[in-house]
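Quick one: this structure, given as structure tokens, is what I'll be asking you about.
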Amino acid sequence: MIAPRPERERGTAATVVATPLVPLLEMRGIRKRFGELQALDGVDLVVNEGEIHALVGENGAGKTTLMNILYGLYHPDAGTIRYRGREVRITGPRDAIALGIGMIHQHFMLVPPLTVAENVVLGDERGGPPLDTRAIEQRVRALEERFGIVVEPSARIEDIPLGLQQRVEILKVLYRGSELLIFDEPTAVLTPQEVDELFVIVRQLRAEGKTLILITHKLREVLAVTDRITVLRQGRNAAQLVTKETNAAEIAKAMVGRELKELKARAATGTSLPILQISRLEALSDRGTPALRGVDLVVREGEIVGVAGVGGNGQSELAQCILGLRPVTEGTITVGGADITRDPPKRTRARGVAYVPEDRRVEGLVLPFTVADNFILGKQDREPYARRGVLEREAIAKDGDRLAKDFDVRPPNAKVIVGTLSGGNQQKVVLGREISESPRLIVISQPTRGLDIAATEYVHERLLEQRARGCGILLISSELDEIRALSDRIAVMFEGRIVATLDAADATEDRLGLLMAGHAEAASH
Amino acid sequence: MKRLLALAFISVLMATNTACGNLGGLGGPSVKIGLVTDVGGLNDKGFNSLANQGRLDAAKDFGVETSVTESKKQEDYVPNLTNYAQQNYDLVVGVGFLMTNSIWKVAKQFPNIKFALIDGAPANDKGDTENLPNVANLFFKEQEPGYVVGVIAAMMAKDKVGKATHNTVCSMGGIPIPSVDRWIAGYQDAVKTISPTTTILHGYSNDFVDQAKGKEVGLNHISKGCDILFQVAGGSGLGYIAAAKEKGVYAIGVDADQSDVAPGTVITSALKRVNKAVYDTVKAVKDKAYKAGDNFFSATNDGIGIGKVDAVVPANIKTAADQALTDIKSGKIKPKTEIQVKG
Amino acid sequence: MPIVSVLAALLAGAVLILISGSNPIRGYAALLRGAFGSPYNITETLVIAVPLTLAGISVAVAFRTGLFNIGAQGQLLVGALAAGWTGAQFPELPGILLLPLTLVSAVLAGGAWGAIAGWLKAARGVNEVITTIMQNYTVVFVMHWLLQNGPMTAPNAAGTPASSPIGAGAILPIIIPNEIVPLSRLHAGVVLAIAAVVVFWFLMWRTSLGYELRAVGLGARAAAQAGIDPRRRMVLVMFIAGGFAGLAGMIQVSGLFHRVFDGFSAGFGFDAIAVALLGKNSPVGITLAAVLFAAFARGGTIMQADAGVSSHLVEVVEATVLLVIAAEAIVRALAVRRGTPAEALA
Amino acid sequence: MELLIGAGVIAATLRLATPIAFAALGGVITERSGVTNIALEGCMLFGAFFGILAADKTGSAPLAVLIGLLAGTVLAAVHAVASVTWRADQIVTGMALNILALGVTSYLNYEIYGSGVPSGVPLLPALNLDFLAGVPFVGGVIGHQNVLVWLALVLVIVLQLYMFRTVAGLRLRAVGEHPRAADTVGIDVRRTRYWAVLASGGLAALGGVYLTVADTGSFTDGLTNGRGFIGLAAMIFGRWTPVGALVASLIFGYGDALSVSLQGVSIGDLRIPVQLLSTIPYLLTILAVAGFVGRSRPPAADGVPYESEGH
């Protein structure tokens, strides 16, 4: 099961660890088991003071589990943690905070109805009993100035974009005077510019004497900003590297244990026939503010149109409007020439529209249902799955097993509860359900968020297959690499508008980044 | 789920073990009396608690063995009555007009067991009254004590005695049904007869439990000038008395003597001696003098009466009340049974 | 483990009974005898279990769809009123017509009353907990009005707040002959209840509609994007929930009382909430939990009658057992869940 | 007009709203922490019974308030243990505690007082604001309200401030919205929830104390008559805020007051049956929520047991 570690890597690790200083953090032989799964099987992690240390590995390699142990959220089954040379027991976040360890969580630990300042100081308000809002905001502002991180302290979390929410997470940690900062997949939701800004912050923190652990699977980022690298694979140490002395291929190989596939070159399959036409589309957000302000967009048969943009600029609302989940206040949407502007999801889907929502756990799947039951979601009242309103259990089970096999769901058992599957396999269930009906149009949001490399490759291949079949695809993603790799054309959304639509060939990362940040003039350059 | 199954299984096991061979411990006294309350329960401050008082008195005085069952739902009446009948109790007493059909059903099945029903007669499945040879119907003439306390209220109001200065009297029922309204009918009849100028108010709490609601009706009546308050509403009525107490006016108790609920406020009580009815019926069974069919408890046999009269009530009024009671006994006064002033 | 906890709860109850001056062994013996100790007592336990099961299904159907139906009590009474009215309105009709008519009217009336809460939630966003609580009280007072010398009061009621008896055709027959269990009241309603349990199971797990309801309950947004409109399902499910409760009301009228008495069937709708949750909203679970509750109700009464234990102490013992079972069930469920890695690795 | 908005009706509104407001405040505080407490009814019943018992046995009304409050807190403590520590189903636990409270209070009431009621019990006084006597309407409405009515109003303000203007309130809300986020910054989720549940019991119990020790002076079995559940509805109606809960309680109380003041009133020849008058508060509440409030969002983690990971 578990690939043997190459000798060479071990040697590398040994030489690097032999630094004269006492390491700031030493985790040795950490083990953790969840039921059947040995999540960590004797992992070591050594972090020196003042460095940026990358912790890389695929999803499920154990990175987050290891960090949750360091932060006291999980208790290890075995192993020791030494901090500043002293053995410590971390039984909860309080212990970690007291030691000077702070964590910027991947799923932000922010309370949506509270303000930025309230979230920053929560649990360490330094005052009271009365809540002195002004004093708190003052303190947060001072902190922001010191580290050059700017967010309006009186804004509510639920009103600000994810990029800013992440800054709040960083501020929270800095506010507590943490010396060791753990960043868990910090760039997943950021634009390239925001990533650059984050790295400026990260380097500045290092200059201030902070130590950082960066959990990621994006190699470019690892190479750009870190000093040393620990690679995990399947719950074990796969490599210890020094950033300056390695390259992307070496890290990737250590992560995956094999060479990566290249995406196949694509033949142009696009016809001129538009399948989706959106004109002057307007809609409101959940809070009643304008979310779409006149969107025009066309997707043709056999074409992938990518929608790039910083999260929260109307992409989700756009997808929901197409599907009929959100009322359209102005404008029209047609699919294959038929007006679907006011159609409910059921009728929209009947016209051959498939939808892969961005949050598969909440929107895509009914988690407590089995794989087979999730495969028929939306088809539960049609033959062959139902006759006269009565479910055809046999047909459901049979097709469930077939689809689970076809789409490589693991375990390949349609009776498994979907909630217990990994993210990648959950996404396969959604994708399998949606493309098994041979749709004419697929609206797909964040198709590979949280997936490991193999699953990402799998999803991309399937999408290209659909494109080749002549299906139109509207691809919404915050992963620019993904958009650029798959799209024929790229539309950039900013504040509820499509500010530019570029051919893939013209869409350089810089240009997209500028457009995403609202610099519309970039399109003309 | 396993848990429930297991529990049910154990239950059955233990039940079969214990089902036989118990009850042998009874025996002893020859007469056994069972009382089944209605859903109001033993603490209802009304006919159930009085019936229970009668049971306890009888147990003490006659040495009979007694038992009581509180009904939690109307669905319980039949099995609760049946339980005693199956164990060959000598007398099974049911309380309340809601049991008329249940007692008919059970009594028909157990012709050798004697039954008694407070405030009702057996009613067959059509809803028609059908007297049975083994059911004693214990009726009360609630209008009679209502009339007597009405005399006191009317004269107090007319003569403006003490705090009764507005020549207004009032009353509150629990719900508008005949067995409640009869009290009020007698009360109003007396006031209309003795002091036609007195204003009469009347209301309902629509509840027998909620004291706060009763109090609000009381405060509402007092704000309209009422200073003598008569209630027929169980626990809710206690709230009505509380209103009188808070505002320093007078109240009249019901069912039992409620003078100690609020001394100085409760000037008297209209009594319905359910305890006596039960006690007498037990005695009759013991003495083999049990009489099926209608048994009326009225002024004639002291089945009704009035409670302690507070010192604030002048002697002449007290005398007038006694006289009214005597006149009712003799048939000279026949209090009305229908309410005249509805609100 | 669970048995140990339940025994501990019963032991605590025994101490209370002892302190109150009664004999706990005699008390518990009476409890069990009252619930299951004779064929007659078993049938009486079942008589109580029938409406509890149906009301439990009413609550469960809503829970499965993500709604909290506190209104089973009111829906039951509305169903009873409808059954009482229909049954008395056409007394001459033969049973083959009148019984279905009575049943359908009760189901429709209970359903419509329940659907109000669903509609208010779907159309106006009104939390169904508020609506159903308020509706419960409203029914009680409307029932007072109808039956206390009101429009539905029987002409021969003689002071009893009751409606006219229903026609013979509307009556659910006793299913156990007097020769086998003398005096038994166990009526064909128990068959209806079993049928309802099967219908509940079939509806929820074997039909497209049930699939949709469960999908809405477990993942409303996933259901919505798949074309299952949660709002319509809210109205529909509250209609179904009300229908089951209405059927319970009809059974009390047609099976037991043969008319409507003011204030009857008190509390079934509230016990039903605990029945549904204790039974994990599953058909078999609800049935067993209903029997357990009914056993406590009947056994508790006999405990007072035959062992002199205060009925209120019986309530205390019942509550203690309920608490222990609730805590046990959840702790157990959590222990199982903790083993799954999905959450941990997400 | 007098019957609809006279000083008498509005004063009655305040009285009738008070116990409901206490229960609703209890609901607000516990649900804001993420624990549903459907046992408010039982806590109220405990407060009502033990309050009047204490008043009777100690002869001191203030002491009665304290003991009543404590009794409700004790019952709530059981709920806290079951729902926070054992992570039992909060609704089943609540239902069980309601049954328990009814049983315990009814049992003790019968054992201690039999069929009688205590008399000469010291009650909490009204606050007589004589200087308002001359002021029309206002004097009639608030001139002679019980101290507990005032306490309820004060508590609404205090809790509103506590919840939105104090550090502890901030933490409470964080725990109810996102317990994990609170946990990661070192806030003790369990302890916060424990205190919130205990406080909810105490507050609901004050509603019960009001009924017996302030309003009527005696206890009868089950006299709270569902007010705990009405309080729960008022909490939702008031969108889980103290001030909102008060407004909701007042609307309900107003309906209740109308159902009394309109008795005997006829519109032309039409006499509204008294039973139907009693439906006013319930229908008014539904109408008010449907008409003005609409959708309301509970705290995100309401009713969800919290389990810190990895233990």
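Chains here go by letter, A, B, C and D, matching the order in which they are written, and residues are numbered from 1 within each.
As a working rule, a residue touches a chain if its C-beta (ideal position, glycine included) is under 8 Å from a C-beta of that chain, and two chains touch if they have at least 3 such contacts.
Only a predicted model underlies this, so the values are computations on that prediction, with no experimental measurement involved.
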item	value
Furthest chain, CA centroid comparison against chain A	B
Between the pairs B-C and B-D, the one where more C-beta pairs touch	B-C
Where chain B and chain D are represented by their mean Cα positions, the distance between them in whole Å	33
Whole-Å gap between the CA centroids of chain A and chain D	45
Between chain B and chain A, distance of the C-alpha-averaged centres to the nearest whole Å	73
Multi-chain contact sites of chain A, meaning residues that touch two or more partners	74
Residue list for chain B, restricted to those that touch at least two other chains	41, 175-176, 206
Numbers and ranges of chain C residues touching at least 2 other chains	141, 144, 148, 278, 329, 344
Chain B-facing residues of chain C, complex	2-3, 6, 26, 28-30, 32-38, 40-41, 44, 47-48, 141, 144, 148-149, 154, 156-162, 164-165, 182-183, 185, 252, 256-259, 261-268, 278-280, 282, 284-285, 288-289, 291-292, 295, 297-298, 300-302, 304-306, 308, 311, 325, 328-329
Interface residues, chain D side, partner chain B - complex	8, 12, 15-16, 19, 106, 109-110, 114-117, 119-120, 211-212, 215-218, 220-223, 225, 256-257, 260-261, 263-265, 271, 274-275, 277-278
Sites on chain B touched by chain D in the complex	41-45, 49-50, 52-53, 175-176, 201-204, 206-207, 209-217, 219-220, 223, 234-235, 238-239, 242, 245, 256, 260-263, 342-343
Touch list for chain A against partner chain C, complex	34-37, 39, 59-60, 64-65, 74, 323, 325, 344-349, 355, 357, 361-369, 373, 376-378, 380-381, 385-386, 389-391, 393, 419-423, 450
Residues of chain D defined as touching chain C within the complex	78, 82, 86-89, 91-93, 95-97, 99-100, 102-104, 106-107, 110-111, 226, 229-230, 232-233, 236-237, 273, 275-276, 278-279, 282-283, 285-286, 289-290, 293-296, 305, 307, 309-310
